[in-house]
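One structure is given below, encoded as structure tokens.
The first chain written gets the first letter, and so on, giving A, B, C and D; residue counts start at 1 in each chain.
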């Protein structure tokens, strides 16, 4: 682990005269009826990741629920279909909003519909901010992989092996048999940063490759990925280089899970515990670096 | 207690390359207007029991409330009657949903109506997944005991003595006078696992009999049973044998209550404390086993 | 304090074969739009006071909000006026419900209207269960003091000096100048237990008089009284003699406040902290009694 | 820091016979759709600041959400426009309400519209209670600076440099280049107390000047200012002199942030942590004073 610590990028500086603008603003586009928790977990990941401001944009009927969950974020209602999923007309509102943010996170809890498929494509192709894409946001793009190359800014994708299999048009088992190869190839081919989740998460930009050393099987529970999405968004918003943001996010997320498992056990750990352990994870990272003389 | 520990089944393995699918998915069908808390408590029991994914299905008007309570689960709205109780038309939606889960938990906070009576019967007779049935789900089946034998998969019933009395057509006092006999007989007659709650909870499949050694009178408060229902569902979803799932759930649930009572006293302990102590209970069990050289 | 401990009644027994029925059921009738917190705080006081089951009955529009706050209680919607205050037609529903409970707590957050005035009177005169009355429930009865004598079961009133002044038709300062005398006289005259709150809370049945030794000025903040109301209801539900229930509730409530102030300071303590410290207060009482050789 | 402690005013006394009236009542007017969290954070700041009673008045559609967040406060619905922002007709209701409170806090999460502009002006010019104004409440007054001199009671303004720049008609950088001068001049010119936030928060009444010594860059995250607004309101309600209330609030707020950062790190700290650390901050202040022999 000391070796790995040496590899980790420095954490964003916190100069004494910082203000909330210093740490950027993240726009999270997430959630649908029945999956509103994904928006909450992403939002908490972004807040605990140190973003200066977090906007959680969701289908309009979920807004009160999400607003009541945490007062530290702003909420933003988007047009929805009859099932509480994003409507295509949400795009122009999202595009207005991203003008005032420094990074975007999208996909958690979206559901996959024609609307979200075209929304995902438009966002990838037009958003001028660095963006992390996860979950249904990735599935929505399965047949539109040409979109990635049109991105005007950095894109970080965070699939689990099942999602990555769909993105690569192969079975998850094929992915798992050669995780590094698949991740690297996709990254190179589409010009994105790939975070391939699972045991030994792979982070790659097609050239550099990192295998994460933190995390445990207790994190194999619904919603932990949503926290990572928000956390990655927060580090992008703090102007970290996208590859650095991705590997630091993955490291901290796993470390939070390891600290959580110590207090709550692996089976007893749930996704909503992770944000509470992100603060201690930041402290632990400082301590580990201090010890390593870093 | 060391002796009893020797009897306990091993806890589900957590191999390094686990993903959320490894630990199964639980469908919880619970709640009605005024008793929405039962759905929340079951859901928390399932989450802290280590399920990979938890779906909480409730009468539609309760969905926002339940979604706002915990972001780590998914929610699923079901048709309801004018009083916010499950409508009979919920069945087909539930049956669609159980295709993608590994275990079902039902009954907490249902209310007993003609609709829930027929729903309970259909679920018992048709659900191809192991299922735990509690509370109003049991009362709904009082006059339909022939349903149990038609079950295509394992059934675990978790009555308290009052409910079991109704199921046996006798007074709770009659049950209490010979708890083991009544539990064993019902299990044998109907081919189910019986968890007869109360002091010294009896777990039996009709042949094997376990009397639980954990728990305390502080747990005699509304809602603690709902947590057990969800926890049992989570262990079933993790592919434990039904009898093993039932006795491990009962043991952990009581241990969580014992840990909670140490910090909060017996009268001060309430049902919503139990999920928070399930994590520490898993750790305590590991520690006890370590000490016993297990 | 050892002397005072000697005076305190024993706490309700928790025999090993207890079930939730052993510890009674409390019906809390509380809240109105803008004062829904009073219902939540009373409910939490009742839960942490050891009741087996807690029903929170409120104006119907508040029900979802209160149900989402804590899953360990049941909620019960009552007819309301256009401002979200109890309607007179709530009475028959309340009267139906009290048949299945062992104690009633009413008044917190009611608002005073013609409807609540007549509701309060009907409840006092007709409820066959021991009842604790607080806040607007007391003010609603100011001109109807003859109702107290018609009570078919024990009544505990828990005014602060302002409310007690209105009940006695004098200024709060007059009350404060001779707290014991006023409390005792009212208790004797109307056949109720009086808990006159404030520094050195007086508990009296007209003959016996206790001045409470716990509590601190940090508890002089909105909502702490609501917690006491629920706690008193819980002890009544556990079949304590009304005078004993009142003085034990007052003692535990103050002790919880003292423990809270040690961790949170006096100005930093708020009403919703008290329920969390009731568990530790029960443990502290046990410990103090152990030390005193009790 | 000992030197600074000597400068701090004494904290409000807590005599044994206090009641909630002793510590005053704060009316918070805050929030709009999408920014309801600002109202919650202000309310929590006021509660943990020791106010006897806290009223949170918000656009009507936000009331249930805010009521569900914390039971220790009262909520009060105000007329709103179609976007969930305060309507001009809210004024008379607010003016009715302030009769029964001891201090007012306004502005957090308002949004700036013609309605809120005129509302802000009316409140400044007519409210007979000490008032703290923050955020959009300040921006709403940018072109109406003549209002300040018409105030019938003390006014504390708490801008960050961006807001203060708008109030002074200059860029935030100009403000930052000479923070003390700008703050002092505005205070003198308009007869208000200025709290200019940022590294080394300046508190001034135009003559006295304090540079705060607590706080850290982890507090540069959305919503921390809202907590300060409520806390300042609570100290005003406790009848502290306005300049003293402002500097004590700023000190405690920063101290809470410092305690929070120790447990949660600077990037991991979020606004909703601060209220939880206000209790420990009060205790820490007592301890520091004790050490300094104060």
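The definition used in the following text is that a contact is a pair of C-beta atoms (placed from the backbone, for glycine too) under 8 Å apart; a residue touches a chain by one contact, two chains touch by 3 or more.
Protein names from UniProt, one per chain: A, B, C, D = ADP-dependent (S)-NAD(P)H-hydrate dehydratase.
Values in this document were obtained by computation on a predicted structure and should not be read as measured data.
Visitor: Which chain has its C-alpha centroid farthest away from the centroid of chain D?
Guide: B
Visitor: How would the chain B/chain C interface be labelled, same or different, where same requires over half of its residue numbers to be shared?
Guide: different
Visitor: Rotating chain A so that its CA atoms sit on those of chain D: what angle is that, to a multiple of 5 degrees?
Guide: Rounded to 5 degrees, the superposing rotation is 90 degrees.
Visitor: When the centre of a chain is set as the mean of its C-alpha atoms, what distance in Å lies between chain B and chain C?
Guide: 34
Visitor: Can you check how far apart chain A and chain C are, centre to centre, with Cα atoms defining each centre and the answer in Å?
Guide: Once rounded, the distance between the two centres reads 48 Å.
Visitor: Quick one: which residues in chain C touch 2 or more of the other chains?
Guide: Correct list: 64, 68.
Visitor: If two chains touch, include that pair; go through all of them.
Guide: A-B, A-D, B-C, C-D
Visitor: Within their complex, state which residues of chain D touch chain A.
Guide: Contact set of chain D toward chain A: 33-41, 44, 62, 64-65, 68-69, 160-162, 176, 198-199, 216-218, 220-223, 263-272.
Visitor: Could you list, by residue number, the parts of chain A that touch chain D in their complex?
Guide: Checking each residue of chain A against chain D gives 11-12, 14-23, 47-54, 63-64, 67-68, 70-77, 278-283, 286.
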